[in-house]
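Consider the two complexes below, in which chain A is the common component and chain B and chain C are the respective partners.
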Partner chain A sequence: MYDLIIFLVLLLLGYVFGQRAEKRHFKSIIEREKQLRDILVFSERKIPEADKVEGTLVCGSVVISVDFFKRFVAGLRNLVGGRVSSYESLLERGRREAILRLKEEARERGAQSVWNIRLETSSIYKGSGQSIGAVEVLAYGTAAKTR
Partner chain B sequence: MIVTNIEAVPGKQIVKHLGLVSGNTVRSKHAGRDIMAGLKNIFGGELRGYTELLTESREEAVQRMIDQAKAVGANAVINVRFSTSSVAAGAAELFAYGTAVVVE
Partner chain C sequence: MADYENPEIPEGINVSPTHPLKDFALLVAGISTLLVVGVLILSLLAGQLARHVPFAQEQALAGSLGRWLPAAPESSEQQQRQLYLQTLADRLAAAMELPAEMPITIHYAPGDTVNAMASLGGHIVVFQGLIDTLPSENALAMVVAHEIAHIRHRHPIVAMGRGFAVMLTLSSLTGIGDGNLQQWLVGVGMLPVLSFSRSQEEEADGDALQAMLRTYGHVGDAAAFFEDVARRQPMSEPLAMFSTHPGHEERIARIREFAARHAGADKQPAVPLPAYMKSR
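And then the complex of A and B:
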């Protein structure tokens, strides 16, 4: 009985705080994406007019944890199969945040664009059982600064 | 030392290839951070301690790669790639590799 109560409390806490954190995070992502819109990001490998720019490596990374509620929903989804939308939003948040941090570093270095951007995702912290506890997203690329 | 992840150094000519250079580091976090991470696993959100740890270790890996490149007499590293793997519970390996070149 106590186990069930603890489980339900954790589920509720996860839902309330998780949803709130996610909403706040998305809001701040959209806000910062507007501010950093002038820094362009390309997955193109060749920089046009390469002789006029200076290139340096820039990285941005973030580790985001899932909440208890999401993990539970994903576990249920595992039974029937299909889209696990609770993890989709988690990964989307991670990617956008990583790209934002990359852009911030590029701006600090005075660059106007970032080329050959690569995104890498890895689960670094295993939670209980098979479920992922946290994902790390790394974005890296070459920032180009006009000489 | 110029480090890029494209095949060339912008605006410079590559005169000599010196082969692959790499740098790695295995880090684990202390127990306090693990407990915090456990809590965050209920509430969700960013694990700042882990982000910092991984950023620091990645810088360390890049630094080791640069040291190796300097040792073979290169002045730039091109085509840099990163890879992360968890070797054991609570420890992660950060690996950076690239091609050491001489540019003029």
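And then the complex of A and C:
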């Protein structure tokens, strides 16, 4: 019985704090994306007019923890299949935050654009049983600064 | 460079628009329904299998459960009462053509509880509280015959099989409660653990009425126990649909209907209970 109460409290805490953190994070992401709109990012490998720019490697990475509620819902989803919407929003946050951090680094270096952007995702704590787990998203690319 | 641009991307492309709570509710409801249905099917199957356990095995199981039946009566008065109950049960068992390998053992319990119970291994417990509410031997015979019918139809072992299947499934699914399972196994012989389904109760009622008719030639006073219970707690009757025992009104009605079908069977005088059976 106590197990069940503890579980429900954890679930509630996970939901309340997880949702609040997610809402805040999305708000901040949208705001900062507006501020950094002038830094252009492309997945294209070849920098046009490469001889006129100076290229440097820039990267941004973020680690976001899964909350108890999300993990539980995803666990239930595992039984029946389908879209794991609780993780979709988590990874969306990760990708956008990583690109934002990459853009911030590019701005510090005085670059106007970032080329050949690549995203890497990895799961932290993977395979360690009952732990909640977290996801890391790394974005990297070549920042181009006009000479 | 001027040819390149980053258009503004609309929100919500990469995320399903479901509310997390809705997702959660749907998943929990769906999966728990599946679980309940699964456990129900398993318990019904277990009940079907338990029916085929030889009665000798059931007796051995009941014997291995330790001390769960009331202690043997000490005073001579209580011994007299137990003997009377045992004789009555044997007479009814003979009328019900109970197989010889299915002996009924009656245990007299001096408690105030208004109840009688059938359990594993052909053991029936009758409480003094029940005897005190009954007007005649016929009324007592109806209750005892009802419990004998449970044993004849193997209801106690079926109920145990079902309960065991439910416990086993749940504890192996959750992976917790090893201790609980053990506790339940120890307590399995405890009488209140075994509960019978509505259809089992109706089956037992039908058999008991037949036995009454064969033993006494009529079914007068057969409904006395239920009439008494219905009189004492008219309001506390749970909705018949959700209750395992058929509603008292329903049972009384069925008994009266049975009496009407065997015309004149309820007009005859009932056999009185011997004076020593009453505690007050």
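What we mean here is this: the second predicted complex is superposed on the first by the 141 of 147 C-alpha atoms of A that agree within 3 Å, B and C clash if a C-alpha of one lies under 4 Å from a C-alpha of the other, contacts with A are read in each partner's own complex, and residues count from 1 in each chain.
Note that in this section a contact is a pair of C-beta atoms (placed from the backbone, for glycine too) under 8 Å apart; a residue touches a chain by one contact, two chains touch by 3 or more.
Source: prediction; values computed, not measured.
By the document's definition of touching, of the two partners only chain B reaches A:Thr56; chain C does not. In the superposition on chain A, contact of A:Asp67 is made with chain B only, not with chain C.
Within the superposed three-chain arrangement, the count of touched residues of chain A is higher for B, of the candidates chain B and chain C. Using the contact criterion defined above for the overlaid structures, shared-chain residue A:Ile5 touches neither chain B nor chain C, since it reaches no partner. When the two structures are aligned on the shared chain, A:Ser86 is found in touch with chain C, with no touch to chain B. In the superposition on chain A, contact of A:Ser113 is made with chain C only, not with chain B.
By the touch criterion defined above, A:Arg37 lies against chain C but remains apart from chain B after alignment on the C-alpha atoms of chain A. Contacts of chain A with chain B, set against its contacts with chain C after fitting on chain A, overlap at residues 70. Within the complex, the chain A residues that touch chain B are 10, 13-14, 17-18, 21-22, 25, 45-47, 50-57, 59, 61-68, 70-71, 97, 115-116, 118, 120, 122-127, 133-134, 136, 138, 140-142, 144, 147. Note for the complex: chain A touches chain C at residues 3, 15, 19, 30, 37, 40-42, 48-49, 69-70, 72-73, 76-77, 79-80, 83, 85-86, 88-89, 91-92, 95, 113.
Contact residues on chain C toward chain A in their complex (touch as defined above): 1, 4-6, 8, 11, 14-16, 18, 20-21, 23-24, 27-28, 30-31, 176.
For chain B in complex with chain A, the touching residues are 2-11, 37, 40-47, 50-51, 54-55, 58, 62, 80-86, 89, 92.
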